[in-house]
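Both complexes below contain subunit A, partnered by subunit B and then by subunit C.
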Partner chain A sequence: MTTLTSMPSGILDASLQQNETKRFAGNDWFIQLRQLGWKNFEALPLPKRDDEKWRFSDTRSLSLADFTVAAAPSDADTAKLIGQSHFITRPAGLIIHIDGHCVLRPVIAPELAAQGVKFESLEDALRHHPALLKEFLLKHEANLGGAKFLALHQAWLRAGYVLHVPKGVEITQPFVSVNWTLTEGAAIFPHALVVAGDHAKVSIHEFNLSALPDQRALAISAADLHAGTGAHISRFAVQAWGKNAQSFEIANTCGGRDALITSVNAALGSRRARLENTVRIEGPGADVRLYGISVATGEQEFDQRTLQIHSAGKAKSDLLFKNVLLNKARTIFSGLIKVAPDAQQTDAYQTNRNLLLSPEAEADSLPGLEIEANDVKCSHGATTGQVNPEELFYLLARGIPLAVAQELLAEGFLEEVLSKVDNEEAAAVVREMFRQKFHTA
Partner chain B sequence: MPDSLVIKNLNASIGDRAILKDFSLTVPKGEVHAIMGPNGTGKSTLAKVLAGHPDYTVQSGEAFIDGEQIIGQEPDAIARAGLFLAFQYPSEIPGVTIANFIRAAIVARQAKGAPFDAKAYYAELYAKMDALKMDRKFTARFVNEGFSGGEKKRCEILQLMMLKPKYAVLDETDSGLDIDALRIVSEGVNRLRGPDMGFLVITHYQRLLEYIVPDRVHIMYDGRIVHSGDKDLALELEAKGYDWVKKDLASA
Partner chain C sequence: MAEIEESQAQRDAIAVDRTKGDFKYEENYAFDAGIGLSAKVVDYISNVKGEDAWINEFRQKALKVFNDLPMPTHWATEDLKNIKFDEIRYYLSKGQKASRTWEEVPDDVKETFERLGIPEAERKFLAGVEAQFDSEAVYSRMKDEMSKLGVIFCGPTEGLRDHPEIFRKWFGKVIPTGDNKFAALNSAVFSGGSFIYIPKGVKVAQPLQAYFRINAENFGQFERTLIIADEGSEVTYMEGCTAPKFETATLHSAVVELVALKGAKIQYITVQNWSANVFNLVTKRGVAEEDAEVRWIDCNIGSRLTMKYPGVVLRGKRARGEVLSIALANDGQHQDTGAKMIHAADDTSSNIIAKSISVGAGRSTYRGLVHIPKTLRNCKNNTECDALLINEHSRTDTYPAISVRGQKNSVQHEASVSKVSAEQIFYMMQRGLTEGEAMSLAVNGFVNDLVKEFPMEYSVELKRLIELQMEGSVG
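Let's turn to the complex of A and B:
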């Protein structure tokens, strides 16, 4: 059957969205949240080329048409993909989604459950812990340009996980969330909600992949991270969707007094991938470290927008984003550090380094500072360049061929960030993913 | 000569400055030859030109490893042909561990697709590190990053021991070394001496040659060899100083 009309379909179809919303009868606040998302989505325009928050992005190719919410996967596909989802041996908990359907509900150790640790699918958590969700879910607007995308995420919100580690509970072994896309044209809207109570310690790793490398998919993800007083959150998010995917991630991180938050974003997949990462430092003594790494090949566009907001003084934030570019790939890094007038003795740093391995690749960098306090240490810097010729000669002089030497130097360049990942097994998985990507570039 | 490193009438420059001027020298395999000379005479340029450094232009001349022409080849091909350059100032390679670096160099010398024996590799690597009194933890350290001068030079000799070239050019390996490090590095070199390897030891000072006793000593000045002799020439040079080279030998 051929459709010749331009009626909205799939995720742009209001009646489909409303139908799905009906599933949440009994959770009126959640229904309202989804409805508000839809309303905002309809009211907001798609970003345009002259939009400052989308500077250097290829806005012309932005399109949300022809994506659908896919049906639940078959048992065979489910079994196969669950089998491919074990990136870490013995995680503290593992949750798996395929096309936005939770196919593996997490089981956590009884002693963790006894301490009040919760690791559940968003849908389960909606039923079991609505108060927690009401307090922490989607409390911040997307202020880096992705408001329309976040609104659509909110309108279709269903998939994702909730991880709550109560006060004083420390867990070293990472929790793992795996998201797969499977169906051609599938749209998914996974959410990550992490709440660490005072002095709690938690680590979460997210792997986002496509079952088929060429599959068209749309992923609009959002993450809310809340670290209480003295809490530690470590997050490692791996974007490895298929090469024809479009992906958007909007992350919001709040750090309370003396909180320590480390976040590492690794980007490999998607035709275009945009990451918006906002950090809010709300308590003195907080220490937030934001890292990003990517290897962009072909005609990929990786678009990274970050904001470090210091509302409380005597806190620190440090950002390092490193990109390796091959072929005709493009990366955009736009970062802003904002220091409020009374956030004295802030230490805030921002560095973007881009390694160009091809004359046709392009890296744009837009670092920025907005400082209203007078007693601060802030710096920002960006460098874009090729491999150091003396380092390259040193490798060549050992008989290592040019292509291998360049790859080694690029891997070394990424290692500075990969070494921040809190689990060597996960770092090794991603190191190997990067290696494969070099070999197929 | 098939079993030799042969350099014939080599002329090379950097920018428009001529540095090597009709330079010729033959190092038979199994021998250790030393090149001494004042600063700025072209010793390090010779090392880099042989290794194929892209900053230098060769106007004319040839260089052969056991009969294989290396001038005009890419640096990695020259290295695989059997020439090893121990750098005066080894580069720091952030993020690349010594173990992975040497492994990549060995894999580059294997037949394409040949399996890599990781167990045998580490056994050999550890044995050679022990010989050089290097902590085994160095395998996980990034190449030369944060190394002391002595650690960098030991790392060069470790690579030399692992890669087993036909000819090794040691460029001022003694610079930046204290006496203990000098002894360890020299022992490493002496252990490699044998019928299968030739050495060209470039040094400014006679000191190194007390530990690595050369078969031949050549004095280089203004881009070419101006005088050659046996190991005693180094002592004579030490006694007479480089003014002797400039005044008497340069005009010879």
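Let's turn to the complex of A and C:
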């Protein structure tokens, strides 16, 4: 950080990082993981304007200065925020973090525990199941440009959850993880680790929010999802941090033979939010579906980078990212489908649709293909435009005001993705969040 | 190719036969700047051409820009690093002045043209032929009626010397020197190419045509073309390339600038068939003013690496831009082509249709840029790219970049990748075609709707070219 005149403080302070790392004495491999993260973070440069992986992103305003690891929240704040964290009734398990501190440890039904299901905070899991973490935690590099951010995440890794569903166990009710930021200038580094054994079925919902809407915060999250043979993982991640937050999420998903993975990312909050989602299709018959929706308002920048890697043949992946833009907002969708030379009979699709509701909004699309096998069906499409004037006319002719008509049409536009969420309660919560956002835009 | 076993014969069936242009004559150059690039070489070129001081200054400045700019390998292929700039001849000329009459053209050059079919083309219908033998135009003549209409068709040296009032205004303005490293290189050492001016309201019925050839080992061609179509005029320009084969790589780096003033139409057609050792790094861009239309029709069959993204800056209301592109990449080839559409006025529209075929270990890449800024209304873009993969190790990439703001603007982009279906091949073979013939027919079918978009005489020529290439190797 050459731009800093004073000594680095907060999350950029090496001695603070080292002190916190000492807490993990006894888990030497974890200490090394954190140290390596710090080393990589210091060695890597911040992205620059001409960095292809950051094309169209506002790299000038990228700064990690002046963020601190916050202290544990007060009992009053904790009680209040836990009260606001019940998004669905009777989840299979609920875990809550405030400023990166686990304030509600999950309790799961005894019959699930008896089947070997594990849903714990990362710190607990580190004590109880080090072998599981060693095998699956941070096994993949950030290859979409966020390496420096992932390194910092690794250096400060402590918060987050581990969800392990063993072979053959099927759970329909979703698990829920809620992350809050509370303190001004707080930095959090939550991690999500989901491991589904062969033929297991699991669903996880993540809600990321700020206690105060105007608060400055930095969230660098990472997710590792592993689906074994025939396993089903469904993930619904809602990014609703406060409007002055910066957020970065680096997700890595691996699907084995016949695995079915569905991932829905909804973006509402943050001044700038970047999502890097890589899926690796490693077994034939796998089916991976990536969906994204956002409503970007004000001067928000939503930066979505996806990579579908087909290293095994006879597998399928489908991607659909839809963005609604208002005011001076900007969205960037950059997707790439990579088909390895031996991944014959791949079926891969990628679609990005942007709805511009303001003349000052900007939608950038970079849909890409790299195909090295010949027996494939691959396509991508990207469109950017306004609401259909005929549909608008139809609504206006029935006396519906323009603003309401536009909102209705935009909601209809988002519904295609919201309908993919496996839990109607959660979908309704997010539908309402989008509605609120329209009203305050 | 699950059902059909891939064979050498099958690869051969769609291999491109380049022997048609594969001949070479003794090098006997009266003017040769030697090997390598320096300020001295640039001065030498200016001297030989008897250029004004401002052109020399322009060249020297460009040389500096070229040296300062890094190789664009942060997004482009690493193969660019294999260009050995110190081993290339940057200027070579048969004589100081472009020949005016057929009699003045040297015999061996005539023979080259005989084999390229130029005299025949001349007899038929071509309005003017500017044939480039290495860096200097050796033959240029126009039909009398063309000169009477006021059409200027000459090389850059003559253009800047004899008609500065027309050409200087736009020279280096559509593609500034600093646009990219290779545009800077061209600006430093350009020679040859065509400068064309079509006066107001003149509609040139017949296409203007030029042939380009490389004929010396390690010799790069840096032609510079500037076409200005004045208000309400129309012109079609054809550029075709054949090059002999050499053992070491040669470099070809052209700059083509088109200016379509109010209501004018320019259509620029290229068939690129350089030999498979040529680096073909070309910058092509047109400006379309109010109600004007610029259309690039681009067909890339040859070269080792082609990087070419014809662009249109839609500067006036209701301007239209179009790029139609066909690329064929065989073993050892990388066709990195695409299109750029920069919308800069209301009610402008653009269309990009790109089709690529990858054969053997060939690689084809589409790169596109569509830009609509926030001040604009009612702009439209449509982009379609289709890729056909023939063999197991064929490769294709698609990297479009689309940026949209403003009101009532709409863009749509679609791309697909597929292979020739086994059913199609089976159907044709069942009716007695060999596998090679069937494949070649399928490939022709894939590009057919685009070939139809080419002007009649060119689509016939192109189709025959593809057919010939396919036929020759069916065994």
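Keep this in mind: the second predicted complex is superposed on the first by the 436 of 441 C-alpha atoms of A that agree within 3 Å, B and C clash if a C-alpha of one lies under 4 Å from a C-alpha of the other, contacts with A are read in each partner's own complex, and residues count from 1 in each chain.
Keep in mind that, in the parts below, contacts are C-beta pairs under 8 Å (C-beta built on N, C-alpha and C of every residue); 3 or more make two chains touch, one makes a residue touch a chain.
What you see is a predicted model, and the numbers here were worked out from it, not measured in a lab.
In the superposed model, C is the one of subunit B and subunit C that contacts more residues of subunit A. In the superposed model, A:52 makes contact with subunit C only, not with subunit B. In the overlay built on the shared chain, the residue A:382 is in contact with subunit C alone; subunit B does not reach it.
Residue contacts after overlaying the shared chain place A:364 against subunit C, while subunit B stays out of touching range. Residue contacts after overlaying the shared chain place A:416 against subunit B, while subunit C stays out of touching range.
By the document's definition of touching, neither partner reaches A:282: not subunit B, not subunit C. With both structures placed on the common chain, the touch criterion links A:318 to neither subunit B nor subunit C.
When the shared chain is aligned, subunit C comes close enough to touch A:373, but subunit B does not. When the two structures are aligned on the shared chain, A:198 is found in touch with neither subunit B nor subunit C. Within the complex formed with subunit C, the subunit A residues making contact are 50-52, 55-56, 341, 344-345, 354, 356, 359-386.
Only residues 388-391, 393-402, 404-405, 408-409, 411-416 of subunit A touch subunit B when the two sit together in their complex.
Interface residues of subunit C facing subunit A in the complex, by the touch rule stated above, are 1-2, 74-75, 358, 374, 377, 387, 389-419. Only residues 51-54, 74-76, 78-80, 85, 87, 90-96, 100-102, 104-105, 108-109, 142, 159, 163 of subunit B touch subunit A when the two sit together in their complex.
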